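See the structures that follow.
You will see two complexes here that share chain A, one where it goes with chain B and one where it goes with chain C.
And now, the complex of A and B:
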């Protein structure tokens, strides 16, 4: 299950400015390689894809694999072009998607 | 000749006394205390100090939601009685563990939350280390961030703080070592490649990278006991609460930094 998301986008920026974006989401990222207390393997449960769009345009995309730690955190940069919405979406191995958005005002 | 021999013996005795006292745990002077955050790597510290990178904040957000959630036979949420946690819970976590007159003994913050859940919300107590209990604890502890640890030491609480000290200074387990031998006598040195902190638990519940999740001070102390090859006390055991009480008393006046990040 994809839990709570914590994203950070600067609320305001100058046009052309390079901005840092941070995105973290609560998820166990269970590898599937661990053995549980009952002796049975714990089934794999991971997020497989992350996409960040800026007014609909993809600015950052990542694929996740079992080696990624729990509560994956990403930080990346983009150029502030227009005011609008930056949307973050995480999709797990079952196809469930969680979306979180943040607004940015570009002057 | 006689004087020289006397001086020789006196010097020997002084050295012996110094050696003996060195084997007895010496409490860290108040001005030499340092937060455990000083002993972690710069990357981990940066993660802790940035609320958008600190994974413990995910638990705080969960706790914020639980604070508003109505539960139990009373149909009330924490917020229905306590209002805005930012004001009502400010400084509360800094005073725990605290002596409860009705129980004639101290409880830690987790136990105090459960007391309110059972008595006021008429709900079931949350299990130790459950996600919800850790989330509520992290949320409440976060309201005291930056405030000094202020556990109350008085005639009623003193015996429990002293009981905690006794456990801290007692040799235990197959390795036959005491908590104090690492955390009082050898802090700052390396243990298996990691610096030994002073065990000033100001940031609990913590997000521990090794655990990949948030955990309580009781869990951390139980881990230490396992490492000493001692039988850890059960969650909620009075001994663990006494030990927590002593450790927070020892860290009195230091700043609360919950939720801290540890390697």
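And now, the complex of A and C:
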């Protein structure tokens, strides 16, 4: 199950400025390699895809493997072009998607 | 690693008394090794990492440089290791970083994360947190828009490996 998402986008930026974006989502990222207390392996449960779009245009994508830590965190950069919406989406191995958006005002 | 194996064995054989487990582990070294083979998931090897890298890179030459993999040389907890990869690139429309991949030698899988970016990124850099199952060399590879590949490696010593058992507390 994908939990709460936390994103950080600067609320305002100058046009052309390189801004840092941070995104984290609550998720166990169970590797599938751990043995549970009953002696049976715990089934894999991971987020596999992360996409960040800026006014609909994809600016950053990531593919996660089990070696990404629980509650996957990413920080990356993008150029502030226009005011609008930055959308973040996480998709798990079952195709469930969690979307979070943030607004940015570009002067 | 040995401690983890021991713990895994204990978990597997929780129907046995602790003394039995210790006796088995102590007396039958060969048997212990066998149990380890059964319990422990197959760890990736440097050869598997090379293969994984080739599956992303193809037969292109990988040069050292341009990429900087920033990861602490000594980590206490392998469950969450912060790392940053930055690539020396102007990030213009004609000269930019297309993708960055991170690989490891000794986790169960050689892959860690793979990101795609473009000129819109402005700066070819990202940070994340990863799991490391053992002390090992982590490798970052960047693919540039001109089709060249660049890499950087870093040795990491892990004191508490990313666990392979469920926590019981």
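Note that the second predicted complex is superposed on the first by the 107 of 107 C-alpha atoms of A that agree within 3 Å, B and C clash if a C-alpha of one lies under 4 Å from a C-alpha of the other, contacts with A are read in each partner's own complex, and residues count from 1 in each chain.
Keep this in mind: a contact is a pair of C-beta atoms (placed from the backbone, for glycine too) under 8 Å apart; a residue touches a chain by one contact, two chains touch by 3 or more.
Please read all numbers here as calculations on a predicted model, not as lab measurements.
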item: Touched partner set for A:103, first chain B, second chain C, both or neither; value: neither
item: Touched partner set for A:69, first chain B, second chain C, both or neither; value: both
item: Touching partner for A:18 - first (chain B), second (chain C), both, neither; value: second
item: Touched partner set for A:26, first chain B, second chain C, both or neither; value: first
item: Which superposed partner A:57 touches (first chain B, second chain C, both, neither); value: second
item: Touching partner for A:8 - first (chain B), second (chain C), both, neither; value: first
item: Chain B or chain C, by number of chain A residues touched; value: C
item: Shared chain A contacts, counted only where both chain B and chain C touch the same residue; value: 69-70, 73, 75
item: Sites on chain C touched by chain A in the complex; value: 8, 11-12, 14, 39, 41, 79-81, 104, 107-109, 111-118, 120-123, 125-132, 162-166, 168
item: Residue numbers on chain A that touch chain B, as the complex places them; value: 3-4, 6-8, 22, 24, 26, 28-29, 69-71, 73, 75
item: Chain B - residues contacting chain A, complex; value: 52-53, 55, 57-58, 61-62, 209, 212-213
item: In the complex with chain C, residue positions of chain A that touch it; value: 18-19, 31, 33-37, 39, 42, 54, 57, 59-70, 72-79, 81
